[in-house]
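Down below are the structures I want you to see.
In the two assemblies presented below, subunit A is common to both, partnered first by subunit B and then by subunit C.
Right, the complex of A and B next:
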């Protein structure tokens, strides 16, 4: 035993690196090298925004894909984290903001938002399936109207402006390149966290609960606890995404989690695909590209540039109508077709 | 409707609490308030107005939510485009009233047009995804996004108000004492006629729906479908026609509610999500798929919203939300929902 062990351990770690497909290496290097050739606008507005929206949509993907619960509260959880950062940290509203240091207000923001998400989850898991959509949508709307009407804490209609990230290492994180790497780092971490979570005993049990709650219950698993914990896990990701979103816009207003924005997150996650954690990021990139370039595209077809929502809505309908698993589903169908066309004996060819 | 008697025999204590509350409320409404009481609670006129606007708002919510809850109960389809149908109905009604000048004419026109859109949606879209509840719901979200943008395109961002007819404009005096003047003469409450008319219309429509559901063949089919769709289909009923009828009716009701909402409030982009939210909360509170539940939920939410608006303006939304959370926590199927 003592002789065998040292030879096994390094081989396993080598295998883990080898298992990563080359496509991931290419995409990873491309993303890391992006600032070398992309303009600041592309880095900040398109990729930075995509990573943030992707993170919030990823938290929905965790709940919907692994837990079978379509929750519309994730955007509100993110916005609440942003609000807490603005209230406890510094903002352009000194009457309300407490100006606490970042190492205090950022963890607190994530904690409070996670508590909120968990509480909503505890309410929502009392019902099932489509009821969850209704209930989380109702709570998300209540959050929106409450932040709009409450002036003592949430500063009502105007919200908070001038909410900027702390100057870690003396860097202005709202510059395009630092912000790109900040969002890329957070997005990668949350992606890896989700991939890791799905393989833990908890993640496997959660997927079991999704597929057959009755059987899991008979096996002795606490179904409700698994579901609520999934909400907590997802809320952490949504909270980080929300803080980044607030930093990107330098403001948080009730409209940050308005009903259209809440629905956008669902659209992004569904368009990208709810089956795998990469889906929401693909959906977010498509959404960001569409929203930035829609006026140009619409003008090309001779329409007014304001009809962005129409394009998004029709695109969403097309995806739900033809490929319920989103863009990822299209990719899978293509792969399956190629595999089916391959010669079963010789391989390759068509 | 034997459930009510069951309730009183099974929960005598709760029945007593409800009775005391109802009698107390009736006393607050009917009896003139003494000056010291008015000092503590504010003017009685304000209180009465809040109650009445709450009930009329509840009537409007009921009209919107009844179609929503029927569609949900029968087809398991959360129609998140319901608010868009409401707004569309309001806009079309506005157009009809502006062109013809007849307020009443708007109702059949809107019912037919919006109902036809509902039939089209059910026949062309939802029927193709039968049994895939989540996908149907996602499709309704897509439709609501598209409809909202099309309406914004055509009608623009300004707000419209449907003109109420002359015979309904102006106030009417209600047999409710609002205050007693120093010389001992009772002052009666006056209230906009339109709102009273809406309240009566909602009650009539609600009763008509109850009769159709409980006393007609179609209603029997619908109730059977709500209970067990598959058995109904297996016993030879062409369930697709029942679905079509219910979806068309629900859409038409949403459209009609749009005219009414456009008459005593206003129509603008964003009202669709507001009324979608209202319908959601009403059916969550009242019980999904139940018409009496929708009525009860609508009145509770309408009252909570208006009383909250008068006595705690900042938190009126929170009241609605708290009611919903409490119902979810203690009775997830809704106050009058079946134990599904």
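Right, the complex of A and C next:
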């Protein structure tokens, strides 16, 4: 696998488009045409939510998949961006919200959340493995309790309601179709940014740091700096996802980044697969479908719909039980078996 | 076999060399009283040695003599318990590993530490990237980039041209050792530590290795740890013997080879 260096100089843009597999074109066109045949509920609650959760889980995939660092702070980073939007912009709590224009409060929200993520990263990169998980979980817990107990800035338990997107181009972006395209656009840009990053010098070095930090240090790389910058990059994506999440719910409360929500992001990323950037979006779609429809399934079996987390948990166990690499791992296994069957030396030879 | 052509540093790297040149004075590498303790065990004890710029030195000693620990102290993998380490006059004793690399120090590992999931080209590219300013770049490299060209030259220099796009995990042991050397030659090396580069190589691969080491530019000095005396004494101008973590003897290859104590301790008494 040559990650960076092309053997021959490639012809530019046209060839790049030709290299995209037909399946991706079909999925892309289906997603673009989705509003023509899907209900508003599906667009807003299933796909809109999946894209948002997928973005936040994607930020975890960048850290865990490319950097080898499992961080549980990503949901808190997103929630902080949402809080800053509510505090600096407009909300249903005018005594706290400053009412600054969107072109000021949105970039500031992303910047502040990114700084927060970077600061957490600067602490977390000094640990490895289970300790990284523990320290980021501890900070996420502290963030949750701080927002719940602080009324001066975060409005405590109540949080902020009526936090809605600006009316760009005179469009109400909380309507199902505009919101669907808004989240689809942001998710696509985030995905492409990660795919691009993985093949840049920074991305290649990050994967080198994941695989062999001692050797990377012996090649002149400052591995701590690389890891911290990976947190910065991931935090930008999580922040954008967090703002969209707050707009979708029209509110941000401490529970936006409660411990269950923090862990949900990990579940989504693991179920989808941490090896490729598409994995978190697959995991998010499965999570959204299970969360929305599992209560109906439970009702069908005469159980309480409140136990929908049980279905999510069983789904998680089923996926990781069959494939530790998530749904993408199952797909890879299937592809490998097909290839083996086609091989006259290894398989059926049909 | 034709001598390999080791590429000279690129323009970008040469500016690093010029900057580093301003601190160059006296010895290339100078250790003064370096000791490394692991609890009560002294892996190396009061090691003092100097290597001149461009000098090629072999360090010999039996297993457990402290050779690799000495390398680890020089490269910053371990901080010495006491003593000082100077590279071209600059005190590096408390520098982190990556800062030492940026000052022209390189090393290879006794057991290859490579990126098995990447191609040969990507491994060498990473090595060239580590000492360049583009480490954090979010722009993809083009085939015409200086670092890409430099990586291609290094792959040629260590005779891995045909394996350029091969996954490193698919390379033979000998090819992986050659790749280790390519990584050490990336950037603008001024002093290299080779840790048993001939370990596990076939006779033909050893001859190749000797050709590569002999073909290095004159300004690059090195220390080589090697159990194969034929290789070590062919590529070194001077020899330091370590025994129980201490410097035991120093001299030319001939002096060391003919020393009765060395023969008793290291060569089993019946050598030569």
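Following the convention adopted for this analysis, the second predicted complex is superposed on the first by the 329 of 350 C-alpha atoms of A that agree within 3 Å, B and C clash if a C-alpha of one lies under 4 Å from a C-alpha of the other, contacts with A are read in each partner's own complex, and residues count from 1 in each chain.
In this text, a residue touches a chain if its C-beta (ideal position, glycine included) is under 8 Å from a C-beta of that chain, and two chains touch if they have at least 3 such contacts.
Every value quoted in this text rests on a predicted model; they were computed, and no experiment measured them.
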item	value
Touching partner for A:324 - first (subunit B), second (subunit C), both, neither	first
Which of subunit B and subunit C A:341 touches, first, second, both or neither	neither
Partner chain in contact with A:205 - subunit B first, subunit C second, else both or neither	second
First, second, both or neither for A:135, with subunit B first and subunit C second	first
First, second, both or neither for A:221, with subunit B first and subunit C second	second
First (subunit B), second (subunit C), both or neither touched by A:95	neither
Partner chain(s) touched by A:229 [first = subunit B, second = subunit C, both, neither]	second
Subunit B and subunit C footprints on subunit A, overlapping residues	none
Complex contact set, residues of subunit C against subunit A	75-77, 96-98, 101-102, 106-107, 109, 113-119, 121-122, 125-127, 129-131, 134-144, 148, 151, 164-165, 167, 183, 186-187
Residues of subunit A touching subunit C in the complex	1-9, 196-197, 199-202, 204-205, 207-208, 211-212, 214-223, 225-226, 229
Touch list for subunit A against partner subunit B, complex	70, 123, 126-127, 129-131, 133-135, 137-139, 141-142, 145-146, 149-151, 259-260, 263, 266-267, 270, 306-307, 309-310, 312-314, 316-317, 320-321, 324
Partner subunit A, residues of subunit B touching it in the complex	76, 78, 80, 132-135, 137-139, 141-143, 145-146, 148-150, 152-153, 273, 277, 280-281, 283-284, 288, 313-318, 320-321, 324-325, 328-329, 332
